[in-house]
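Quick heads-up: structures coming right below.
One chain, chain A, links the two complexes that follow: it is found with chain B in the first and with chain C in the second.
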Partner chain A sequence: MKTLKFQKNILIFSFLVIPVILLFMFVVYPAVELFYNSLTSWNGISDTKKFIGLENYRRMFFDSPDVWRSLRNNATYFIIHLLFIPLELAIAMVLDSKIRAKDFFKTVVFLPYVINGVAIAYAFSFFYSPYNGALNEILRALGMEWAIQNWLSNENIVNYSLVVISLWKFCGFHVILFLAALQSIPRDILEAAVIDGANPIQIYFRIIIPSIVIVIEFLLFHNMRGALQVFDIPFLVTQGGPGYASSTFTLYTIDTAFKYDSFGMASSMGVTLLVLILVLSWFQKKVFRLGRNST
Partner chain B sequence: MPKTWDEFIQACKTIDAGGKYIPILMGGKDAWPDYPFNEFMPCLEANDGYLWNHMAEQDSPFSPDQPFNKAYQKIKRLYDSKPFGSDPLGAGFDQVKTMFGTKGAMIAAGAWFLTDAKKYATDINDIGTFFLPARNNPGDRLNTVTMVDGFFATPKNGKNIEAAKTFISFLFSEDFYLAYMKDRGLVSTVNNLKVELDPILQQAYDLEPDVNYVVYDGGNEEFQRIAAAVRFDVKKMGQDMMAGKDLDEMMEELNKAWKAARASK
Partner chain C sequence: MIAENAVMPNKKLFKKKKTVYISQLAKYIILGIITVIVFLPILITLFASFKTPPKIAADFPLKAPNFLNFENYKVVFTKGKILTGFKNSALLVVISVVINAFLGSMTSYTLNRFKFKFSKVIMALFYVGMVIPVYVTEIARFPLIHSLGVYNTILAPIIIYAATDLMQIYIYTQFVEKISKSIDESAMIDGCTYFGIFFKIIFPLLLPATSTLTIIKAVDIMNDMYIPYLYMPSGKLRTMTTTLMDFSSARAGAWELLSAAIIIVMLPTVIIYLIFQKLIFAGIVAGAVKE
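Then we have the complex of A and B:
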């Protein structure tokens, strides 16, 4: 008997069947394969996959100093982006206020995020170039020849040079997200706070921050995930060089899979990255909520 | 033209002392431009295009008495003389090639660079070519690497194998081959068919009429297995050498890793 509930279930099932099949095909099955491949020494080409247990993980953790070097480089991206989050919020607050040409500034701030990554990498390669590069020419024009460096070849500096590119590309996106969150705060709450005698600092910490906490949490997660997965900028600008000085975890993983035919090892790195993102995000969320509760 | 490796290094020093040109445009940020040195010189030193395969059969192919190490010591002498300007790793090939003939005196490349060379040099009559003088003595025969550049294939179970063979014969016939190879700037590999090279490229052959072709092999399966296990990357090694890393230490570490990789089969 076709009851209403039965009809409802049929409807839900028919809407869900295709997305679920696609989810299994392109997410669940590859994830299961990834876990399995991480326990093999598969080279990505041969028909057979030799099971080697946790040997890939052992080699990655204890026998691959360049993996740890790459992770340290990821940490550079994470920390510097984290330090810029308050500045991004400040910029968003300025854009939310009554300033002239607000729309123009919003466009300018967001534009780097939509520009093609390859174009950005190429442009910054010339910007940092030791031969008539714009940065060195600007420093010369300002009489600051002493500040000129080997921006992309000095192992102590190259990661910071690349992080600048990442900040240039992503800060605008964060600012726009914060702006949207700020604009969602009801104006009457802010007006009531002013009438009640709250000063700007109290308004900032007691009203604005709690109102946009969901966006802050999202951005913290986005920062964590982006920092651990950063690939395009170091790949396009320096290919992880010189040597492995600017290599990141994902870049190292891609090299392992496609340059050195070690799909098994690369799969173990993929699994490790997944676990890292989950664990560090959980930890970050705990620390953030602890900080919120203590205030 | 420099005839030996020491003469080549000295020529670079002379150009550098003049203060007008960077002796060799490298584009080291991209790693691959150091291939004429870091990839090809070991087999030039050994006069053996199958060197990688032979190294795969040895436990310690990076020892001082082996051709790889000897070639790299020669490369180190060149790199230590700083012929690539003040920041060889700071710019890529696309950036430095625009300076050919204006701020850079030489570039190590194959015939494929000729079009760009003519584009960027202010006076094409001022461009010349010579084979990399990787030999130690002027009396030694000069080795140069040659390799397969284009591959043709047809499925072995295909329906038109005879037609494919006929087509390949046409590609190598006088009707097509000479014009095609001249356009590509490549040397003829067919007996009795002589390609008329661009005069700029022909100069290198005229300077060294008795050049010895070392046919380069990219490495067999065993070599690829060991190289992958060891993460053997000669172009990245070139970058490390340009950055001043200790070569003897690199060779020792490679020997250890190579031996372990061979044993792990």
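Then we have the complex of A and C:
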């Protein structure tokens, strides 16, 4: 029995030693470092880090209008994605109903999520381009010359142009999650409701919505996290420009670190992002719990 | 009264048939529009990749090209170093998938089956790691990778993929929970060692989880831009994705060549998706819907 226990301990140790070391070195330690660096004026290279207290945070909150502008762009991603959630649910319901070529449409809907993001970003750069770009050409062919724009260089439009790319990429992912939840609703419950004379609206609000509440909660969480962390689309398509018109909080942070070598400042922005995500997740969880208890 | 009642159901039935027909039609119209939206940017790029620059300027973007003009593809393959990119991406995928499958399944099994000091703490730390935003933590990880001397080597992304992919632990744990503990116990009675139980019984039973994670991981790594871009700036270490980035900045405005490069880089993950679709759906759903 003693040898058995010994053997068990060896297994626990040998199986966990590498993952736990990796976890501490590359996840826990950087997170702690991020906090510490945020209190310094470190440039990322020098051996000494000068401690400056909360100066970075003060500058970020009060002296950096571009940070706020970037954060507002993140909010645009969040809100527009939010508005698409009912539509995504509707599409999932169509895919869940009796239709032909269901598998084909399912494949198509999810395709954008799997395609290489860099390839997509460049394909859309071409699509929006003022030189032989397809979008303006199509508008011209449709006789809609008035709608022709500089999609990526007009300050007022550029961020929306990028949000469209994000919608193109992620909506299908949401639809598939909704579809999975819908398919997990037992058929006999739906049939019983129909026999009992429930109309489609009642079925929608009384059976379907409550069953997919977990997915909705996940999507809101995913949307919030995703919207706050938008990086590759503006990085690849516009570099945040013109000016900061399509910059996002993460893009601004990464630029601050790797372009302007202000690792201290960038760290304080990273910490802010982390706190923002934690607070909003907590808040969202509270709201959902409240909603669940009241019904 | 009786006569009227006899007619009514028929009328109703007719009306119902008509609305069913209309709603079916509406469904196909919606799905048709979605299909067009999904394929529009891909199709335009595909067409452009077979066109010459004057054709791109003159033709309507949706006008089909001469599909036998492989000139642009030739240039991408000969000058774009696409094959180096393929090789590096493939290498990265194979190594990372093997490492992650073993580390992930071993961690999940140990933390699920044995209760010991700190087991709860370790589990909690793995879950906390999932909340930390990905892009910004690189600000603190970057100097660490530098000081370890693995910057600009293929080890940098391998280490980061192994250490930071915590989703697999979550998915493996779901599967380990489903394997009955009585299997462990009866193997134990038959004289199997703890290591034997894992390698001969548990790991093979986790094959569905492993295959799902393999496919998802492969697609993720092939599509990843940020980690290779940040940690492997050397030309020899370009992955498919960073090769495309290079190609784009070197030939800004040459849409015909860039389009060909885009299509080439798109293809591997799309092919994997079309073959292993079921696994991808299963993994995405398992990874997403959690309490």
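Keep in mind that, in the parts below, the second predicted complex is superposed on the first by the 265 of 295 C-alpha atoms of A that agree within 3 Å, B and C clash if a C-alpha of one lies under 4 Å from a C-alpha of the other, contacts with A are read in each partner's own complex, and residues count from 1 in each chain.
As a convention for this text, a contact is a pair of C-beta atoms (placed from the backbone, for glycine too) under 8 Å apart; a residue touches a chain by one contact, two chains touch by 3 or more.
What you see is a predicted model, and the numbers here were worked out from it, not measured in a lab.
Participant: Touch test for A:Leu39: chain B only (first), chain C only (second), both, or neither?
Facilitator: After superposition on chain A, A:Leu39 lies in contact with neither partner.
Participant: Based on the superposed arrangement, let me know which partner A:Trp168 touches: chain B (first), chain C (second), both, or neither?
Facilitator: second
Participant: Looking at A:Ile208, would you say it contacts chain B, chain C, both, or neither? Reply first, second, both or neither.
Facilitator: The answer is neither, since A:Ile208 touches no partner chain.
Participant: Give one of first, second, both or neither to describe whether A:Leu89 is in contact with chain B, with chain C, with both, or with none.
Facilitator: It touches nothing on chain B or chain C.
Participant: Applying the document's definition of touch, where does A:Leu22 land relative to chain B and chain C: first, second, both, or neither?
Facilitator: A:Leu22 sits against chain C, while chain B stays out of touch.
Participant: According to the contact criterion defined above, which of chain B and chain C contacts more residues of chain A?
Facilitator: Higher number of touched chain A residues: C.
Participant: In the overlay, answer first, second, both or neither for which of chain B and chain C A:Leu220 touches.
Facilitator: The answer is neither, since A:Leu220 touches no partner chain.
Participant: Given the touch rule stated above, what does A:Leu182 touch, chain B (first), chain C (second), both, or neither?
Facilitator: In the superposed model, A:Leu182 contacts neither chain B nor chain C.
Participant: If we overlay the two complexes on their shared chain A, which of chain B and chain C does A:Tyr131 touch? Say first, second, both or neither.
Facilitator: The answer is both, since A:Tyr131 touches chain B and chain C.
Participant: Which positions of chain A sit in both the chain B and the chain C interface?
Facilitator: 126, 129, 131
Participant: Of all residues in chain A, which touch chain C in the complex?
Facilitator: Against chain C, chain A makes touches at 7-9, 11-12, 15-16, 18-20, 22-23, 25-31, 33-34, 37, 44, 91, 94-95, 97, 99, 105, 107-112, 114-120, 122-124, 126-127, 129, 131-132, 134, 137-138, 141, 168, 172-173, 176-177, 180-181, 214-215, 218, 222, 225, 228-229, 231-232, 236, 250, 253-254, 257-258, 263, 266-267, 269-270, 273-274, 277-278, 281.
Participant: Touching chain B in the complex: which residues of chain A?
Facilitator: Interface residues on chain A, with respect to chain B: 43, 66, 125-126, 128-131, 150-153, 155, 238-239, 241-243, 259-262.
Participant: Where on chain B does chain A make contact in their complex?
Facilitator: Per the touch definition, chain B meets chain A at residues 28-31, 85-92, 95-96, 99, 103, 224, 227-229, 231, 233, 236, 239-240, 242-243, 245.
Participant: Report the residues of chain C in contact with chain A in the complex, numbered from low to high.
Facilitator: Per the stated touch rule, the residues are 24, 27-28, 30-31, 34-35, 37-42, 44-45, 48, 56-57, 60-62, 103, 106-107, 109-111, 114, 116, 122, 125-126, 129, 131-144, 159-160, 162-164, 166, 193-195, 198, 219, 222-223, 225-226, 230, 240-241, 244-245, 248, 253, 255, 258-259, 262-263, 265-266, 269-270, 273-274, 277, 280-281, 284-285, 288-291.
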